[in-house]
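There are structures below to look over.
You will see chain A twice below: alongside chain B first, and alongside chain C after that.
Here is the complex of A and B:
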């Protein structure tokens, strides 16, 4: 299944919706979306991942890039991560640097 | 299943994963273990395309063989890039670092080796052979 990323920006929150399979061939699109979002200097980066059925290490690399591009003060949220993708994130220690929530929690995310 | 022969480029990854999903279903792997095998194969194929062929300025195919016996599903990826044994890369220490301090990269081989029950490597007659094995009986 092809990978798509759509982005929106509101109230200082950059939200990217990831759908499909994120492999090394698709990671460039994700990275470009991160770079684009970073230009608005958001206070939070929210990744909607309910529709992301697959993620390879190229996706992890892009998360490292996002963290370093956005700076340490920008919290990164991953929402609705599917079980196998979550397992990959946990196997590689990303759960300590990315906040994973089952669903979008406006109070936590927007309480800036 | 018939072997799958694809160009050793990133554009082939989707086809390779489809092939692995079909083989895993046929072998009766559960969904979680099928995903882990798919991920491991994808990471090895990515490495072959990026580091094996592209960085060496070469082009070539990746051939995906699948075989089942009573106990295991075995996937063999064959390529003609320069010899590279993924087992040479040990578990990266970076997984204990916060993202701000991590190098970008180095996790693919780790995920490949961690997600299968057995990993073997051979270099035979000018071909790299990465062999990934999943037991069929484990859940």
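Here is the complex of A and C:
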């Protein structure tokens, strides 16, 4: 399935919704969306990943890029990470780059 | 401002490319494309072959224009490649004249020696397609990784406790409880265990890409699939084994291994690699064409005048390590692992080969070993030599060290095994070994001595005390393989037994071995699983078994919880006492005015060691005030070793006023009194001495 990423910004929280398969060809779009979000200097970055079925090596790198681009004071949340993607994050040790939650937890995410 | 040389200048079948950069070698990412660079001293032509990942036929073969060659190096930049779905290799043309050492064959596709990932054995044990024209394929990798603050730990050598580990065996057993058994990710889940045990360095048996199906066969008697399991047969020196990665199927083995190193470092554990530069997987003239043979046979291999392969490795070929070109490859390789993977040290398999010239003669000043010793990137890496080879060169104590190389001390292993089993006449030798082998390493200090009693070659510690003879029938070589001179003793019965007395003696002997190892000057190395009594049922050369025979059975951690506890306490004892971990040999003198020599030798009576040929008892004392030349303060430590079959009363030396001897460990009594946690050592009630049971070791601490 083709990859899409949509962005919105609300109350200092940048939210990106990822759908499809995030491979090398799609990583550029994801990266561009992160760069765009960073210009608004959000306090949180939330990645809605319920619809993301696959993440390849390039996608993982973009997560790390997001971590570094946003800076250490911005928490990055990955919401609804599907099992194959979660496994990839765990196997490669990338799970420490983000906070993974099953559902959007407003109290935790918005309680700024 | 962009470089002016990052735009394509040529096109071939829809692929855009331009002259590349000769350096670095291999396939590297550049702006917009991939730089491919390959060298060959004797080739006449070179073609880059690109595949869609996993496809049987190439998608394009781009000949290198001669104008793209600088010296003996061909390079080109190819633009717009799909990083994750591209595989590559080379067709190399040149003379085929085996007598002259030339074996070029342009009909074959050769693997890049500098490939940083290799496809074809992505998942362990999946039977390959033998019709595949290109079995082991170069892949492109992302070199970047988020290391955060990680860097090599540079733990002082004298403070290391090394744990030799086979990646797959460590967690493959169902009892391991890890999510990704037999993988780098699996090891990560066992880091708490390693920390609890107390080891601060793991030495991974070969993780360079190798073919587990090399020489694989079915055991005709058992039907078991036998593999090239240990991996001492390298395909590519720059690539981690994909089959050891849970993400190998996704091509992310590089990230997974780096994540393991990062996590180990975060927990204070160094990572050594067992590297195999003495030979490759290509065998001799009858072996397969994979890489070096078809790229530059005459350069990479030691060849006889008739063009055959010297075989100092015992495996078919010998890498020509002191050829300047090959030497540079070895340097490039180790620098790559040290800088890109943050590896802390390297153990060199059959390292004496690295000191031979291209015609096999030993060199007194081997350029490769010197280069490695003085290389700036490797300056803080530990370098450890298995200081012998299969061609009769034995250099324990004489390996060209340049003040840097340590050695697997085979003499330590042999002396301690014989002393342990009760052979007479070992007392003098044992004194040398316990003191860090000054007879071998007087100019280098005890940190040149990697002390070990067991390793992957040979019996496990449990089997060392359970078998007199090897039992390698399952290897399919008629029990002819594996060492015969094991210096083992079965304690009265060959193999498993219900006899409680024999089993108790075996447990005691295991503890004796570990106790002596952990109080010796030098650097101790423990074989994976010895701390919980791992057995290979008497097989001392289980190189081809991917089965319960070689997998660590984690249930033993429960069955042998007492042994595990004993081992971890002894390791913590070593960490707690710097007097056990000196960088320089102890002199037997008092240089700090404590009134005691830094090390002193005793028999059953203080100050009177029994050096006689019949002697089987020995004791020594380390004077805490003299630790590290007086630079640190430590307690007195006294170790009494009774390898006789009768108990003996040992009289330890008198301590300074105000100090008393306390019992840190006593292998002659059952758990939990066989070892006491740091600070909880009970006082030795009898000031006159201690009764050391038959075949037992007692460790006292004076405080």
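A few points about this structure:
As a working rule, the second predicted complex is superposed on the first by the 112 of 112 C-alpha atoms of A that agree within 3 Å, B and C clash if a C-alpha of one lies under 4 Å from a C-alpha of the other, contacts with A are read in each partner's own complex, and residues count from 1 in each chain.
In this text, contacts are C-beta pairs under 8 Å (C-beta built on N, C-alpha and C of every residue); 3 or more make two chains touch, one makes a residue touch a chain.
Not measured: the values here are computed from a predicted model.
Aligning the two structures on chain A places chain B and chain C in clashing positions. Within the superposed three-chain arrangement, the count of touched residues of chain A is higher for B, of the candidates chain B and chain C. Of the two partner chains placed around the shared chain by superposition, chain C is the only one that A:90 touches, whereas chain B remains out of contact. Of the two partner chains, neither chain B nor chain C is touched by A:29. With both structures placed on the common chain, the touch criterion links A:21 to chain B but leaves chain C unconnected.
Of the two partner chains placed by the overlay, neither chain B nor chain C lies in contact with A:110. Legend: residue contacts after superposition of the two complexes on their common chain; A:72 is shown touching chain B, with no touch to chain C.
Note on the chain A alignment: of 131-139, 167-175, 293-301 or 365-373, the part of chain C that runs into chain B is 131-139. On chain A, the surface touched by chain B in one complex and the surface touched by chain C in the other have residues 23-25, 56-58, 60-61, 64, 67-68, 88, 91-94, 97 in common. By the touch criterion stated above, chain C contacts chain A in their complex at residues 82-85, 142, 144, 146, 179-180, 183, 185, 188, 245-247, 250-252, 255-256, 258-260, 262-263. Within the complex formed with chain B, the residues of chain A that make contact are 21, 23-25, 54, 56-58, 60-61, 63-65, 67-68, 72, 83-84, 87-88, 91-94, 96-98. Within the complex formed with chain C, the chain A residues making contact are 23-25, 56-58, 60-61, 64, 67-68, 88, 90-94, 97.
In the complex of the two chains, the chain B residues touching chain A come out as 10-11, 13-14, 17, 31-32, 35-36, 38-39, 42-43, 46, 49-50, 95-100, 102, 104-105, 107-108, 110-111, 114.
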